[in-house]
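Got a structure here, written out as structure tokens. Questions coming.
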Amino acid sequence: MTEQPQVAEQTGQPSGDVLLSCDDVSLSFGNVRALVDVSLTLRPGEITALVGDNGAGKSTLVRCISGIHRPDSGTITFDGRRTDFHSPEDAREAGIETVHQNLALVEDLTVWQNLFLNREIVRRLGPVGLLDRRAMQSRAREMVSALAVNVPAVGSRVRRLSGGQRQAVAICRAAGFSSKLVIMDEPTAALGVQETARVEELVFRLRDEGHAVLIISHNFAQVMRLSQQVWVMRAGRCVGGRRTAETTGEEIVGLVTGAIGS
Amino acid sequence: MTEQPQVAEQTGQPSGDVLLSCDDVSLSFGNVRALVDVSLTLRPGEITALVGDNGAGKSTLVRCISGIHRPDSGTITFDGRRTDFHSPEDAREAGIETVHQNLALVEDLTVWQNLFLNREIVRRLGPVGLLDRRAMQSRAREMVSALAVNVPAVGSRVRRLSGGQRQAVAICRAAGFSSKLVIMDEPTAALGVQETARVEELVFRLRDEGHAVLIISHNFAQVMRLSQQVWVMRAGRCVGGRRTAETTGEEIVGLVTGAIGS
Amino acid sequence: LGSCGSGGSTEAAAANGAQAAGRAPQNYAAVIKGLDNPFFQTMKQGIDDQAKTSGATVTVQAANSITDTTGQADKLNGLAGQDFSCYIVNPISGTNLIQGLAKLSMMNKPVVNIDSPVDPTAAKSANVKLATYVGTDNREAGKMAGQRMTTVLPSGGDVAAIGGIAGDVTSGARIEGFTQGVGKNVKVVQTVAADWDRQTALTAATNVLRAHPNLAGFFVANDDMGLGVARAVADAGKTGKVKVISVDGIKDALQAVKAGTLEATVAQYPYTIGQMGVEACQAATSGKTLPASVAAPVELVTKDTADKALASTPKPFGPYQDPYKTLTK
Amino acid sequence: MTNTTTLRASGGPNWSHRLKDAGFWAEWAALVGLIVLVIVFQTLNPTFLSPGNIASMLVAAAILIILAVGQTFVIATAGIDLSIASVMTLGAVVFGQMYEGGHGLGVASLMAVVSAGVAGAVNGVIVARGRITDFIVTLGMLSAASGLALILSDGKPVTVIDPLLLRLSTSGIGIFGWSFVIAIVVAVVAHVVLFHTRFGTHLLATGGSPESATAMGISTARIKIAVYLISGLLAGIGAILLVGRIGAAEPAANTAFLLNSVAAVVLGGVSLFGGRGTIVGPFFGALLLIALVNGLTLLGVSQFYQPLAVGIVVVLAALLMRFQK
Amino acid sequence: MTNTTTLRASGGPNWSHRLKDAGFWAEWAALVGLIVLVIVFQTLNPTFLSPGNIASMLVAAAILIILAVGQTFVIATAGIDLSIASVMTLGAVVFGQMYEGGHGLGVASLMAVVSAGVAGAVNGVIVARGRITDFIVTLGMLSAASGLALILSDGKPVTVIDPLLLRLSTSGIGIFGWSFVIAIVVAVVAHVVLFHTRFGTHLLATGGSPESATAMGISTARIKIAVYLISGLLAGIGAILLVGRIGAAEPAANTAFLLNSVAAVVLGGVSLFGGRGTIVGPFFGALLLIALVNGLTLLGVSQFYQPLAVGIVVVLAALLMRFQK
């Protein structure tokens, strides 16, 4: 409670366009308070990073924004309108694509089916729409080979892929469809050096195309490299925000561990 | 084929004690050749790193060593004896503990049940052995809090844990029981800064206690920090080995990408 | 239409009902077999009708299926705890209701056994006292069918038997009776279990016809399956050439006999069995001594008698004995 | 370098690869089992493959195929429709009541399909909105639908002799009776829906991983309702064929169809845990079960030995699926 | 700092927490449903809770409870034992043949349990070693065991009137008939095995995630064999009680037990997808099903309306489990 005002002052966020803002979002699971009055904002054309210890509540916040959980209290405003997503469908429709930490792939479907899940390309045949499998397969092949080094066959089931290959598929999916906000929950955790570099290029490209990107990462070097704004979570609270240009890796570590700001 | 002799020369491995050696291990899944004539050695009291791109075959090799897959050809020698593990049970019995990339946790069991899975503490009551739940719970609490910052309740189901909390549980499990070799497949991928530091401490402690540790990581800084020996895999082959002290991050990257050694 | 037996019984029952209305209303319980078979529907109808005419109320419960031996026992146990003055039971097997019946006997409640008999040795050892038994001997019914088969196949031939669920007591007794009833020239070449189901019987009969192209007849353990077998025979274009005889005497079967798709059916009149069961209860509760066992009417219905049978269904067209009626007077 | 790596992992599936592929075997195991069975029976009794016998097997299989297709949709979403047989009974009884009420074949058929569809939709809504496990909901419906059938029909069968309906099982194109032709059409449409529409993909995703499907914005509730509706509608079509076949609408439980429909699906290589499914598999699974009983009867296997033989053959046929893992 | 964090996440489960916990509701939903049912029936008909009626309900429930416990073990490993009822029939027939052959109660009982256990073990071995889905293997055994029962008994029931056996269901301790006491003992032992032995934990791990269990060195094959063996042995015990209850060993299968045993387990909050399980749940699930039929009979609900009522009540009872997710 006492730290709240201090935090609000130190967000580092200049005024201006805001794409998404969370205000006092709280969520508990039983007696685990996963989110406690979390407030933060995201701006279009920027890469925003969200950092914090394991179990700090980052993924839970992401799941609230992308419509999987509904907050117990607090509001989320997206693109100027107050949102009340009842399902991920609503969020996807509003223009939020997410790479979840658990990747949200269907193991028994093939790579291309996963890539186009709920975004299938359909050929109209009178009243019925039939899948255009060929088109999706060739598109999928392009999308995956842009990211992966050891490219998996797009016709193979996701169950068979290596950890990094899966992650590449999930990232391709989120990046491949027009959206206003792309959220990536630890997108490069399982990726190799080359693949990580490609994902970082992709993130820059997304930003340059005007998307907002929210990226969660435990790799502070990466955070400093990519982001324009950093938010720090600790034990369910958002304990601070900084412009990346105005902070250092050490300050962020301090905020994360609680050495600073508590 | 042509590179094989060259690689064999450049292993960087001095002669001496060998705990585990793989010789020409190959394994295919359908037409995917996941492992092609992989040969490498591990020495006791050392931390050995295994690096390579996504889909290079690292996890597949680990699964061969820990008895989940059986190689199509080639031999694995552990502790002086040629092994032919028919199941992970055999490998665990021989003294190999593994943190798998998919963590191998049972989602519906609690943290403590997962920690002691197949290593349960039992109170003998005449002919029947009853679980000593209390003992396991308190031991589990100690083990987990040594690694995690936001410690999950040991009685909560793994399904509920955050990505990093799960990984911490899996690492605790592998480290918690006496073994000759601990294999960790990307153990810190989902971990925060503090947790990663604790795991690295743990790895050093394991080494100092005389265990051999095989660690897979995409974080080359970490690899250079921790290991004494590095093996590099590329597209199913083991393309080189180096003493960490005698190599640089750049050389490793070169081996991984194929800029060196092909 | 001189169905004197049934006509007389209705009048008598009506008079009886008026008379019974003077007494305290009687409360009986009945537990019968399956639900989804017309045979037991007709039995229930007989019970209900007789109850109405005699001014009694009867709670009728049935097992969920013809294999539900313990479920039927549970239902009897449920009813046994309540205050009924008389119980009518049609057990699925000879022994499955024994415990409930033992309880009833301990409480000195009269029990009327209808249709399928309670196993006498089991009854004796469990101290079950049955007020009376009314029903038909399934073996006799099978035998009648067998004799008819011999008559319609004077030069003999191969026949097949289609039974209910394999191992079912009723089905077994009927087929056994049939086998005993047929003459030397008629040979039962195959017995198939069709689970008391019309569709299964149809498929089974189709297959049997294929396996034995010269088959001369079918004996079917109940009418419902018999109609399916008749359909199979018709589909094969062999109506009239392959004789189908079944047991029960439900209305659809009588019609089929009339139409000639069924050669004959051995009618067992569950309606009358139900009626007589209620009458027996009336007699028993008013303290009369009942005959130990009464044979319910069994009639062979052929094309000649089909019209008569249809006119009087669900009651028998011929005269029959009903000793309980005199006792309830 | 990157190029060869790509080739290594993404080479197109060739024949020897397909033969090693688990899914391939699962899908075709039922067909292989069927072929083996046919060879054995034909050797032991040459009438087995006579045109007449084939024709009657196909007609006998029609209802089971249609139910198995409906069951496949449900099972592919990791559900199970225990009520499929009694919903068919309900449909048949509604048909009978309508027909007896003088409404003609068309109206009766329509009402049969509609009533069965409604029962299916109720299943779906309770499963999806009430969040109750499929097993319990459809078990409840099993009981409720048979109860309704008994109430509507007052427990009595209705004889339905309609020349048009009769032709469903007595005539057709060559050895393919009309009812089998209907079953083929149902199977083909089902195959297209499952593998060539968005709905089909969403259905498999719902079965494979409901969380992931939800996270991708698929309404798993709507999918669940749809599959149970489909299962109900197909049970309604099955009801019409059933009435046509036995010439009567009966309130009898038809329990054999329940276990057989699930067995056909599972023999067809579809996992009860959802997420995978084919239509060819269950199609041949149903034919296998019908051919088995037909063959055993033709061979004159005694009624007491038949269940034993059926049990053993079913397990042996499934042994062909051992490659599944 | 770390300290407060720890507290936040690892606070011991208190009562309000437990009430919010899904698992808690799943486990006790059957009991809650049972209590509601009892209140309703007792209000409508006061004989419902008379000692006599309670006693007869408990005795009636004994066999179902024992089968449901066996089924729970199988279902907790994500399997299903469709053969449980016909294996019980097989056990009963073996009992009958032994008894008729003059072998006395002890030998007959032993052989009943042994033969049912063997059938269960065969299930387990085929499932585990042959890698065939549980559904097909036990469906095959369902058929094979009833066939064996028919062959052994030549299709005829054997009357078994044994005073000792009769007392199983006619006498006991107070309102608890001996057969119910046996069921209680079985349930208690099962609870201890499931939650207080290594085997129980390994069983739940096998059901929850076979890959993870295997990776941890658990032999899932051995677990599978064990659960089917247990299910078979319990079916054998059920067979003895069944013979005692109906006074005969009959070869015609009592199919109602199959669906009811699975229904009791699922009503008891156990997921068909394995990995979770309780014994209390299925125990009360079985009581619920028995009380339901008993109550409807007492109320004199017409036979046609009973299936409808059963269906509706089962779904309503399951609505209590909606908190499960």
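The chains carry the letters A, B, C, D and E, assigned in the order they are written, with residues numbered from 1 in each.
Just so we're on the same page, contacts are C-beta pairs under 8 Å (C-beta built on N, C-alpha and C of every residue); 3 or more make two chains touch, one makes a residue touch a chain.
As the structure is a prediction and not an experimental result, all values here were calculated from the model.
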Co-neighbours of subunit C and subunit E resolve to D
With centres defined as the mean of Cα atoms, the chain at greatest distance from subunit A is chain C
In terms of CA centroids, furthest away from subunit B sits chain C
Per the C-alpha means, the centres of subunit A and subunit E lie apart by a whole-Å value of 47
Separation of the C-alpha centres, subunit D versus subunit E, in whole Å, is 29
Dist(centroid_CA(subunit C), centroid_CA(subunit D)) in Å evaluates to 36
Chain centres from averaged Cα atoms put subunit A and subunit C apart, in whole Å, by 73
The positions of subunit D in contact with two or more other chains are 5, 8-9, 11, 13, 146, 150, 154-155, 255, 303-304, 306-307
Flagged in subunit C as touching 2+ other chains are 35, 65, 166-167
Where subunit A touches two or more other chains at once, the residues are 32, 55, 102, 149-150, 152, 235
Subunit D residues touching subunit E in their complex are 78, 82, 126, 130-133, 135-137, 139-148, 150-151, 154-155, 255, 259, 262-263, 266-267, 271-273, 303-312, 314-315, 318-319, 321-322, 324-325
Interface with subunit D, subunit A side, in the complex: residues 66, 68, 87-93, 98, 100, 102-109, 113, 117-118, 120, 122, 128-131, 133, 141, 145, 149-155
Per the touch rule above, subunit A residues touching subunit B in the complex are 29, 32, 52-56, 59-60, 101-102, 148-150, 152, 156, 160-165, 167-168, 186, 189-196, 218, 220, 235, 253, 256-257
Note: in the complex, subunit E contacts subunit C through residues 47, 50, 52-53, 56, 59-60, 63, 146, 149-150, 153, 155-157, 159, 161, 163, 166, 169-170, 242, 245-248, 250-257, 290, 293-294, 297-298, 300, 302-304, 307
Contacts from subunit D onto subunit A in the complex sit at residues 2, 5-6, 8-13, 192, 195-198, 200-202, 204-205, 208-209, 211-219, 275-276
